[in-house]
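In the two complexes that follow, chain A is the common piece, with chain B as its partner first and chain C second.
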Partner chain A sequence: MKENLNKALEKPGISVWQKVKKANNRGDFASVFMLAPAVILLIVVSVYPFIWVFRYVCYEYNGITSYFTGTHNLVRAFHDLTFWKSVVHTFEYAGLKIVFIIPFALLMAVFMKQKITGSELFRGIYFMPTIISAAISSMVFAFIFASYNGILNAVLRFAGLIDKNVNWLGDTKTAMWVVLIVAIWGGFGNYMIYFMSGLSSISDDVYESARIDGANGIQTFFRITLPLLSPMLKVILMLAITGAFKDYEAIMVLTQGGPNNRTQVMFLYIYQLIFGSQTGSSPQIGYATVLSLIASLIVGLVTAIYLFVSRKLDNVV
Partner chain B sequence: MKKTRNAAVLSKGSKAARFVIFLFMVVAALLTIYPVVYVVLGAFKANGELLIGGTSIFPKEWIFVNFIEAWNEANFAVYTMNSIYLAVGVMILSLVISSMAGYVFARKQFPGKELIYGVFVAFMFINVGSVTLRPLFELAIKLHMNTSLFSVILISAGGGQATYIFLVRAYMKTVPKELDEAARIDGCTFFQTFARVILPLLKPILATIALLSFRGGWNEYILPLVFTMTNQAKRPLTVGVTMLKNSGDGAAAWNIMFAGATISIIPILLIYVFTSRQFIQGLTAGAVKG
Partner chain C sequence: MKRRIGSIVLTVVLAVMLTACGAANTGTANTGSADAGSANTGTADTGTSATATPVASASEDNTAAEPVIVEVWSNNRHDETYMTEMVDAFNASHTDVQISYTIMTDDWQNSIQLAFQAGTAPDVITISASDGMKLNDYVTSGMFESLSDYIAADTAFQEVTEVYDHMYEGLNSIDDAIYWAANGVRSGTRIEYNTELVSVAGYTEIPDTLEGVVQLTKEVTALGDGVTYGVGFTSSGPFGRWLEGVGEMSGYTHRGYDYTTGTYDFSSWAPLLETAAQFYTDGSVLPGSETQGVDNSRALFAQGSFAVWGNASQEAGVFTEQFPTTFEWGVSELPTMSGEVAGALSITPNFGFTMLSSAEDKDAAWQIISYFSSEEFLKGYFEGGYSAPLSSYMAGKIDSSKVGRLADFAIQDYEDVYPSTPSVTVEGDEYPTVFWNVIMGNISAEDAIADLNTRYNDALARGLANGSCTRLVIEDFDPLHPSSGTCTYLSE
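The block that comes next holds the complex of A and B.
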């Protein structure tokens, strides 16, 4: 009787053990262990902070104590002129960066395809800024644009173009342009490489026949290169837009958002609220989370509009 | 060969056009390398010369003492060690994590695989920006890891891993499945198949990942800035040099800042000179496939 019971119990027991063994043979456990580090890091570094953002939306939190303030943060956000100015600056920065960097990068990529003497070397040089830390290169540019002993002022004075030193980074009229120059310097090589890989997928035969038909360089570019490149161009533009809206590292080093908040962009303003700015004001984390959500919403909207427009254009063409 | 083909199809007019393009590219190249040359040569100038300014990018008198001063007195020996630790740490972690995860995603079928993969993709686009530094910083404080660069390594590697995993997964498509099967028949376990048979074949893509992740770690700025705000001894070069610029007493020490920037740029630049092809290919692949 007891033996029978044991036997009856054993049967499923064996099958579980067999299941485990089979799973082990298939590598199920090994897979779990091999995937675990990536998944754990994903959860800790990406998922957890994302959820965390929502936690303090209705609180005032300075890093030590927090208390409930209801919709106060949201109301404050709508009346925060500095923030909305930073939104405008972000659009200004991103828009101008793209307007300059994309055509320039495309032009360089097309030139690269002409296989001119030394183009390998040129490619290496153009791409070089992207391997240097944005923080360090921004600092170097801050030296170049320095008002008293910067080399740019010295050269311009020497050439007789200016009488007295220009305070490039300290003047509200010029600061944004300096920031843009640094951004274009640091990024065009990257987009050029993207365009080059897009161009390499266009067959040489197409160009060959265009040439036989008597098309000149400009015609070839607008009639052949651009249309054939358009799917790739859309992806690159998308990368450029989302990237430009998130930039703040270089600006942080160059101007810290100044002068008079002239180069303040959304994510830099938020950063300063989270960790307290240079002037030593205490962190306002709850408020910063609300602004972050608004900022991501803005970036998301821009991306959505871009996708919508580019699809519409597809139908037209 | 390329040259003869081009010469055959080009007319005289386009030869002139090619020369103009060539000139344009030379100017663009000079403008691109100018800041780097300027700071490297400037590091050999005397502080007095830097503070007065002037139009010359070459030093009046070549001085090496800036580097010695930066290295010994301005803590750059420590910063350099921290940068190396950070960059190598991020590189090793990225290689280990992405090769394993990429292999599993490429070869193993399991429930929820698409979902997990989807979350990886989603978080490449979901980005609430600078605010995420705060919870990570507070988490590190809770775990008593806020004074260690290891937490910076973990976060940096975690932020970049998705691209690298995609690269490995895509590269696995070029590795025939028969190899896995043959290894299994010969008695290898799942992990042994990966470690002994597949890993050696992944070398080219792992080299790319090593380069990209090393660069990522070496150039990391805001993350270590936040984590070493009150801990000068843990700062990497990027933070150490820029802190000097922002601090009042460092503002006059241009020679130290030039030397520091040069120390930060030269190693990664040397690596780039010898591996530029892989760098460029890796970045294209990462952006297009990711």
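The block that comes next holds the complex of A and C.
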């Protein structure tokens, strides 16, 4: 038996010890040791929790006790209007955010690339929202958009643009726009830095050639900058899409998904189910688990579609 | 080769450092072991604030027996000064048992559950009916320890708390087992009002009907010229602040539950919702106040932006210390729909202590619970205005001249504790959210009530089927004295 095993392990003429030595010389063990902490952490904080949630798919679980409910959570998910409305709102929010934030960030990156006095200072200012906690900046915006004594209403009244205070956060017609403004403000600096990094990789010689050929600023942007930036743009767009679909912190502070669920997005709804709402409702961890799996599938599907489309576009362009 | 060995060593060192960073707090706070002191520090390191720590330490006297450390967690910040003072006094006068007191106000229930599952739970925690902790869940999971035997043996505790007169099924007791005894009580909601704004509108007191209050707020708003308004709300439970109390006093079903039939029926609430919706249609509400946090709205009331605010007895401290008003503010009983009181206003037993089953020295833990419920301790607590006494014994012991504005929130004859409604898991928005949407004009009262009746009764049926709840029926239910009925629990 032992001999058979040794035979199976050993290549003709190479003993196990020699194999180990060879692997050591190749640096295999060092690689394993170096990868180990990261892999262990990944398993503990990411893979294990992901598998853990599957346990409660068929349970009603409030964090203390669980009750078997069979397929009820899944059936409920397909009939839950609030959730599917939140999916629609997520697409609306993510779509509008990307439509505004990416061109704006690109434009600002191009401006920042110019050697204008003070551009470095502005670059820092524009990037600052990225490093400020979303909770804190959202609180500041809540004061700005406050209906009764908010700064925005005061300014608009002073300018004679409105007669009556606008209930920015409490009106279903305006709440989503406010949330979007805060999201764009908070995110564009980050994408601007990505674009600037992409722009810095474009050689000045290309621009110089274009200038000699008589290209103006707009032509240079569309014929030189944009095509050469496209590999970076693809990555930035993918990050923006996945990020926008997962956003919920600012919305939680500003509107808690209201008014009347108008700003309710997928992951905020899931958060509220997991941790219970302010009205003292019990956590519904089992059901939230099912929804989070569906939400992950939706985000994954959107990303896959984007990658597929962008690859096709590469072939066309 | 040297580089490779170096990189392996570096990796191992980093891994060890990571492990060391995440080392669990293995010091057991309740065993009185030599590392008990470090265990207290460990608790503070979790980001909570340890406001009082034991004075004794292992190094002081190696020959004496180590004190038992009882870990107590509280979710009350408002009484921090008094609690710290009394804990320090206890620790200074006891060498055998010491209290380690920690305040943890955020994410209270999750913190307790996670600590229990991780084996780092405290021995004793504060508990109030308003915490929303469903007793049945905590008992079923084995987290809470029954205090019945300890109470039976402690006559002083029985006398001070009158615990046997204040057993509320599903709230602090299940069958005959008592899990916590309420020392205090939070009054039902009241209306707090700006006397100046109200008197300018020609009123000397708050009307006794909701319709009258709607009219009052309309008149205050009309005179306010866009600067001051009639009423203000908050984003944090706007319906439950006081409008729910109006419904209870009007004899509507408590939390939508019909105790006589053991089913949910929200139908009676329709007139209240339609009347309250007039606050918005009349434009009497401070614009955007329903999007403000509770403290923001309190601050706006305190600066005189609106006339009518509603909340329970905690506002006594809020408007005298936290947000002192620049005007005279009055406290009024809630209006009803007809002007007559037809049902009990719900009051909330609070400031109790419960023992977790993981407590290693349960006798020591009980000693601390008993101390927190002693006359010596509670007299100062109530005279400090931190809560109102639940027992008539303590009510007779305190000097009411010392309680300040809390006197305005004295418990009325029509206030009572409702038996806990079944612990159901409702799909979709709960009734306070739905009711608020009706008041805001987003949906009709009729549609909302039909939807709530269906969803709540479905949830009850599901709970009965999977055993997560029981149907409570009180055939002799008296809306004015809800705690006096005979409870029957049915499993179907």
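Here is the rule we go by: the second predicted complex is superposed on the first by the 276 of 317 C-alpha atoms of A that agree within 3 Å, B and C clash if a C-alpha of one lies under 4 Å from a C-alpha of the other, contacts with A are read in each partner's own complex, and residues count from 1 in each chain.
One rule holds for everything that comes next: a contact is a pair of C-beta atoms (placed from the backbone, for glycine too) under 8 Å apart; a residue touches a chain by one contact, two chains touch by 3 or more.
As the structure is a computational prediction, the values presented were derived from the model and not from experiment.
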Inset, instruction - Label the relationship between chain B and chain C on chain A in the superposed model as either fit or clash. - result: clash
Inset, instruction - Have a look at where A:Gln284 lands relative to chain B and chain C in the superposition and call it first, second, both or neither. - result: second
Inset, instruction - Check whether A:Phe275 is in contact with chain B, with chain C, with both or with neither, and answer first, second, both or neither. - result: both
Inset, instruction - Based on the superposed arrangement, let me know which partner A:Pro37 touches: chain B (first), chain C (second), both, or neither? - result: both
Inset, instruction - State whether A:Gly27 touches chain B only (first), chain C only (second), both chains, or neither. - result: both
Legend entry - Which of chain B and chain C A:Ile218 touches, first, second, both or neither: neither
Inset, instruction - Specify the partner with more touching residues on chain A, choosing between chain B and chain C. - result: B
Legend entry - Contacts of A:Tyr148 with chain B and chain C, given as first, second, both or neither: both
Inset, instruction - Quick one: from 91-99, 127-135, 289-297 or 415-423, give me the piece of chain C that collides with chain B in the overlay. - result: 289-297
Legend entry - Where chain A meets both chain C and chain B, residue numbers: 27, 30, 33-34, 37, 41, 63, 142, 146, 148-150, 256, 275, 278
Legend entry - Residues of chain B touching chain A in the complex: 2-3, 6, 9, 14, 17-18, 21-22, 24-25, 28-29, 31-33, 35-36, 38-39, 42, 50-55, 57, 96-98, 100-101, 103-105, 108, 110, 116, 119-120, 123, 125-136, 138-139, 154-155, 157-159, 161-162, 165, 189-191, 193-194, 215, 218-222, 226, 229, 237-239, 241-242, 245-246, 254, 257-258, 261, 264-265, 268-269, 272-273, 276, 279-280, 283-284, 287-288
Legend entry - Contact set on chain C toward chain A in their complex: 4, 7-8, 11-12, 14-15, 18, 107, 109-110, 113, 132, 134, 137-138, 140-141, 143, 226, 235-237, 240, 286-292, 300, 305, 423, 425-430, 432-433, 437, 440, 442-443, 462, 466-468
Inset, instruction - Sort out for me which residues of chain A touch chain C in the complex. - result: 27, 29-30, 33-34, 36-37, 41, 60, 62-65, 67-69, 72, 76, 80-82, 142, 146-150, 164-165, 167-170, 172, 255-256, 258-261, 275-282, 284, 287
Legend entry - Complex interface listing, chain A residues touching chain B: 26-28, 30-31, 33-35, 37-39, 41-42, 44-50, 52-53, 63, 108, 111, 114-119, 121-137, 139-144, 146, 148-151, 153-155, 158, 185, 189-190, 193-194, 197, 211, 217, 235, 239, 242, 246, 248-249, 252-253, 256, 266-268, 270-271, 274-275, 278, 285, 288-289, 292-293, 295-296, 299
